[in-house]
Amino acid sequence: MSEQIEDGEPMLRVENLQKRFRVDDGIVNAITNRLRGDDPSYVHAVDGVSFDLQKGETLGLAGESGCGKTTTGMTLTKLYEPSGGSIRYEGRDITDLEGEDLQAFRRNVQMIFQDPFESLNPKRTIFDTLVEPLKIHDIGNQQKRVARALEFAGLTPPEQFFDQFPHELSGGQRQRVAIARALVLDPDFIVADEPVSMLDVSLRAGVLQLLERMNKEYNLSVVYISHDLSLLRHMCDKLAIMYLGRIVEYGRTEEIIESPKHPYTKALVNAVPVPDPTIKRTRVELAGEVGDAIEVPTGCRFKDRCDEHLGDVCDQVSPPLERKADITGDRLVGCHLFESAEGFDPEAELVKSRSGDGSPVAAESDD
Amino acid sequence: MSLLEVDDLRVHYETGEGPVKAVDGVSFSIDPGENVGIVGESGCGKTTLADAILGILEENGSVAGGEIRFDGQDITDMSASERRRLMWNEISMIPQSAMNALDPVYTVRDQIVEAIFAHETMSNNEADERVRDLFELVGLDPERADDYPHQFSGGMRQRAMIAMALALEPSLILADEPTTALDVIMQDQILKRISALQDEINSSMMIITHDVSVVAETCDRVVVMYAGKVAEEGPADTIFDRPYHPYTLGLQGAFPNIRKPDQDLVSIPGHPPELIEPPTGCRFVDRCPLATEDCRTSEPPEVRTDDLRTFCHHTDKIDGGFRSRAGDRDAWKETVAAMEIQR
Amino acid sequence: MGIQDETADSIYTDLDEYAGVDDDRSEWSRFIARWRETFASQWRLLKQDTLVVFGIVTIAFFALVAVLAPYIAPHSPLERQYGDDGVLISQWHEPFWLGGEGGHILGTTAEGYDIFSQLVFGTRPALIVGFAAAVITATFGTMVALVAGYYGGRVDDVLMRLVDIAYGLPLLPTVILMVAYLGPSFFNVIIAVCLLQWRSSARVIRSQVLSLRERPFVQSARVAGASDWRIISRHIAPNVLPLTFLYAAFAIGWGILTEAGVSFLGLGDPSQVSWGTMLQSSHTYNAMSHGVWWWFVPPGICIALVVISGFLIGRGYEEITNPKLRRRN
Amino acid sequence: MGKTEFAIRRTFQLVLTLWAVGTLLFVIFRLMPGDPTSYILSPGMDAEARQAIVEDFGLNAPVHEQYISFLTNAVVLDFGRSFHTSEPVQDVLFRLIPNTLVLMLAAFVMAYGIGIVLGVFVGANRGTRFEKGGIVLALVQRSMPTFWVGILVLWIFGAWLGVIPMSGMRSAGESPESFLHMVASLDFFWHLIAPAACLAFYSMGYPLLLMRNSMLEILGEEFIDVCEAKGLKRRTVLFKHAARNAFLPIVTAAAVSLGFAVGGSVLIETVFGWPGLGREMVRAVIRRDFPVAQGAFVMLAGLVITMNFVADLAYGYLDPRVTYD
């Protein structure tokens, strides 16, 4: 990003983050591929993602399955090592942290997962589960802290849950335990990957309220990962719409939902059903399906499904995520339909690529 | 006459701890050409209901009472072969996850043709022609009919399932969570496709879902189920506009609405009851902010208000204070907390 | 630069003074509680199955016989018996209840050994092989599986190719060959069985580890900064334990069957009486042609009983560990 | 990855496995504690004969040369001469292989034919007495030692009822012109039936249990519900859809279980005096005729490895989902 959306040093700054996975097919294939001189193939799950996260801010990562939102989340929590780009936490690059520095970072970041039935070790009591992070970081007053966290998560009286096993709890209670575990270290930010999508409808709201309280009362930053825009609209200050490993639109939630600009965002927002029979929405039919993350298309990744496709520019020049002159508000959009406010000229890039070595332009959104 | 009448249906599952009364006295009907949504949380018996109609209950489940009348004939009473004749020809299904609903070792064409040949006599060419038409109808490339299911994406498989469901132009289609496994965009397209096709062949549909918004957009009438029983039933517009059952109100409030970002989300306190020994009286009693002693001791009566059927003791009270407060999450919490203390 | 910064409005602010010793919840008691729960839940599930209970009772019975063998058996297994006439027996005798002389419960062998005593003492090698095979194969297989599954990559590749190779070896012929080369001793039979049997537990448990490794609870521990050792020992190993038990139970059966087979072929430990050697000598003396069934029927029944008990327990575990086999509801 | 590439890769793996087995054999044989000659040679042998054998085996060459010559000989199936009869091991093996193959094939067809069908029915009748009975039957089959079953059969049907021969592959007077003539004869069938049935009895439990488990899994799949809802006959659902899918894991398992069946055949051949590879291997081991024992072992192991290979390839053709990665 060329400039910050808001003033002040962001707590977390992600720049051009990339994560690719090698398509691994065993030692024998690796040898035969090597012999034939083939390059190993990669899945480009996250391919140049940039955003800022302020203290106390909530950001929603939205998109269809396979768009790289979960991989982004897992890279943020250092479950995956990034393949490129940087993650800066409080001004410090954490991509290559090791040893004690890494442990210090780990104290401040936690993750909440989707499946309440899989997120707790079935062989350990609730107390064991909650006390583990404290033991790892050698933090005192363990029992009181655990009790405090459980209480905050609405599991009262906490002592009653200490010796219970996950199978004795309901789905909603388990997800609350998972939240308590995330909170027990008192982190600065949390990545929540579809935190309620597997809960029963009537229990969802309770867990969402808990997450809201966590953010509001303790000034925690949260990255929500979800395909459910209704939910993200409810929970998030900012929204990043992802498509095939990239952010295509980024800005304030209500602005994006009220007036989506990127053709993909439009389709996504309009596809959300509304629980009110009197409201009729305009549906945008989107052709085709999400493309291949192994052989990423040149130019705009959305070009094949786009109604407003402009021709060669879209085919050849990858649109950077940038401010647009014809879009007001704090909004970044990655689409050639709008005029750049940052001086990026796709036509010129197209000419350059033709006169040059003929390879397609890989424009990056950062300076 | 109604196309499908379910009359006081009871379905039990035998378990080590006694029978689970998954469906316990459910009645409703579907008229020709009508779309009926069955809404409820997991475990409320909505899938069991569909399985009972289709005759594909788990081996420990059985119809313990009541009737399912299709075109006036009780299908629970039919012989296996009579029933088989009816299946797919008259009643077909779109299952929850097309991921596993197609046999992985046969091509999609083979599986559709198999359904056709089970009920109609025609030449291979005619059957192929039918498959081609069906594929075009659901927006799939007919050239890909000879692919195996795993070669299709999730959305394509669900389309193939719809093609198969329509193969014999049934008069009733049972769709069990037809889109939950899909992404938003695909979900939208599939729902749109289903509605359009169904209008074309004028079949009725029963859509089972936990997603209130899906029902709001596709159904004429809604049955709200709770813990194996009908809580409320009526036209979709009325159900969404002025429901009388507190559970319906709670369910609506639990869903975030993309158009109403500032609305509080309602969380209904507590959990649905165990269905091995369900509470006497109203099953919603432990979670209901309006519950009284009556609710605990006697079954809620069927009350008809406007065009709704509501099973509740307090339909008269709901208009007074609670409806206006139902969207407020604290209203639920406080009232139920107060009940806890009383007990 | 403030990675260590504490949030000002933390819910734990008042607890931040490290008070030193603060836990009245003893680590030890929780450890015991955890394992008690693990075993209790396994047992709760297992005892519902009458066949499993049968298996456990049978094995317990044979274990008791093995321990008390000297008190149960009327004679030493390799002590030649004298007939009623005071002469060393040189032909088989019928059991006393078929009118055989000498009051032998199951008669004598052609060499004049008391069959019942041999049967009782034969329990020992059978159970030792069975349990040794169970413990060694299950432990080794599980360890290989944990390493291969958790670390993945080339380590996994190499270990799994080793498993493939082990699968290429036919069990009994390999054991025969190894015993032939290493010498016919009881210990060598155990080694040979174990060398070949770890493969199936390794393969199956590895795939379980692969799936566990990606489970959210393991990921959560990793986000919290847990070391590999902590993740393997606290999160993964306890969850593959039922599978380890399953393979241990099956290994009892395979161990005993293999030992019996090897002994039957005359490659067993010559100094030991086992059910396999009993069957071997009966075969050598062509007992079946002469209808001396009391010689060759009882050892076979004993083998089958112990082996099936192991299988029954293993199968019981299989039904527990594979949720797809379990009845729903 | 395409099918051919998968086949190539799998072939590579096959070669690797064969090489590893050969190496293992060499290591066990050559690197045993003490002088290898002392294991091979009987004490009564004179110095000249001893020298001849040492040279024949190349035991005086450096270890790596021994290793290479061992492997090259193994590739051309040259295992030297029998200590006992001086006949080339190759000739002995080639004479015996068909006998073992016939026995195993007959047993395998019986075991898998009956086992799979029983497994389908046991799986389809979940929770009934029939199911429980089927499981117990399968476990009983697997827990009774094969050789003991053989002994019982010989005792009851051979000695007592006298309906089967006690031993061998053909009756004393019979001298068929060729192997094929012999196999086609009634006398051969009469000799074959008991050992093959015993082997089948033992091998049957595995496919039965596996098919049952596999059926249970498949019957819980949603596509089975769809098939039933389509109004298909129960038989069609059970066999055309459920069993066809449940059959897939059996293919791999069959190859793996062959490793056990080979062991079973060693015992059965010994009990019934069937002149096959297994019995020969045991006799050779007892006589300390190592070239023959080794050769027979390599043959048996090769059989198992090849079957694993074939099964993996077959799987690809049976299951359209296999993507070879």
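Order of writing sets the labels: A, B, C and D. Residues in every chain begin at 1.
Here, a contact is a pair of C-beta atoms (placed from the backbone, for glycine too) under 8 Å apart; a residue touches a chain by one contact, two chains touch by 3 or more.
For clarity, every value in this text was computed on a predicted model and none was experimentally measured.
Asks: Of all chains present, which has the mean Cα position farthest from that of chain B?
Replies: Computed centres place D farthest from chain B.
Asks: Highest contact-pair count belongs to which two chains?
Replies: C-D
Asks: Centroid from C-alpha atoms only, then distance chain B to chain D, rounded to Å. What do you get?
Replies: Averaging C-alpha atoms per chain gives centres 54 Å apart.
Asks: Round to the nearest whole Å and give the separation of the Cα centres of chain B and chain C.
Replies: 50
Asks: Compute the distance, rounded to whole Å, between the mean C-alpha positions of chain C and chain D.
Replies: So the centroids are 24 Å from each other.
Asks: Which residues does chain D have that touch at least 2 chains other than itself?
Replies: 13, 126-127
Asks: Spell out, as numbers or ranges, the residues of chain C touching 2 or more other chains.
Replies: 161, 327-328
Asks: Report the residues of chain D in contact with chain B in the complex, numbered from low to high.
Replies: 126-127, 221-223, 225-234, 241, 244-245, 248, 318-321
Asks: Help me check something: in the complex, which residues belonging to chain D touch chain C?
Replies: 13, 16-18, 20-21, 24-25, 28-29, 32, 39, 126-127, 132, 135-136, 139-140, 142-148, 151-152, 154-155, 158-160, 166, 209, 213, 216-217, 220, 256, 258-260, 262-264, 266-267, 270-271, 278, 281-282, 285-286, 288, 293-294, 296-297, 300-301, 303-305, 308
Asks: What does chain C use to touch chain A in their complex?
Replies: 1-7, 9-12, 15, 17-20, 22-25, 30, 33-34, 37-38, 154, 157-158, 161, 215-227, 230, 234-235, 238-239
Asks: Note which residues of chain A are touching chain C in the complex, please.
Replies: Interface residues on the chain A side: 26-27, 74, 77-79, 89-92, 101-111, 113-115, 118-125, 127-129, 132-133, 136-137, 139-145, 148-149, 152, 162-163, 165, 178, 181-183, 185-186, 188, 217-219.
Asks: Within their complex, state which residues of chain B touch chain D.
Replies: Residue list for chain B touching chain D: 51, 54-56, 59-60, 80, 83-89, 91-93, 95-97, 100-105, 114-115, 118-119, 148, 150, 161, 164.
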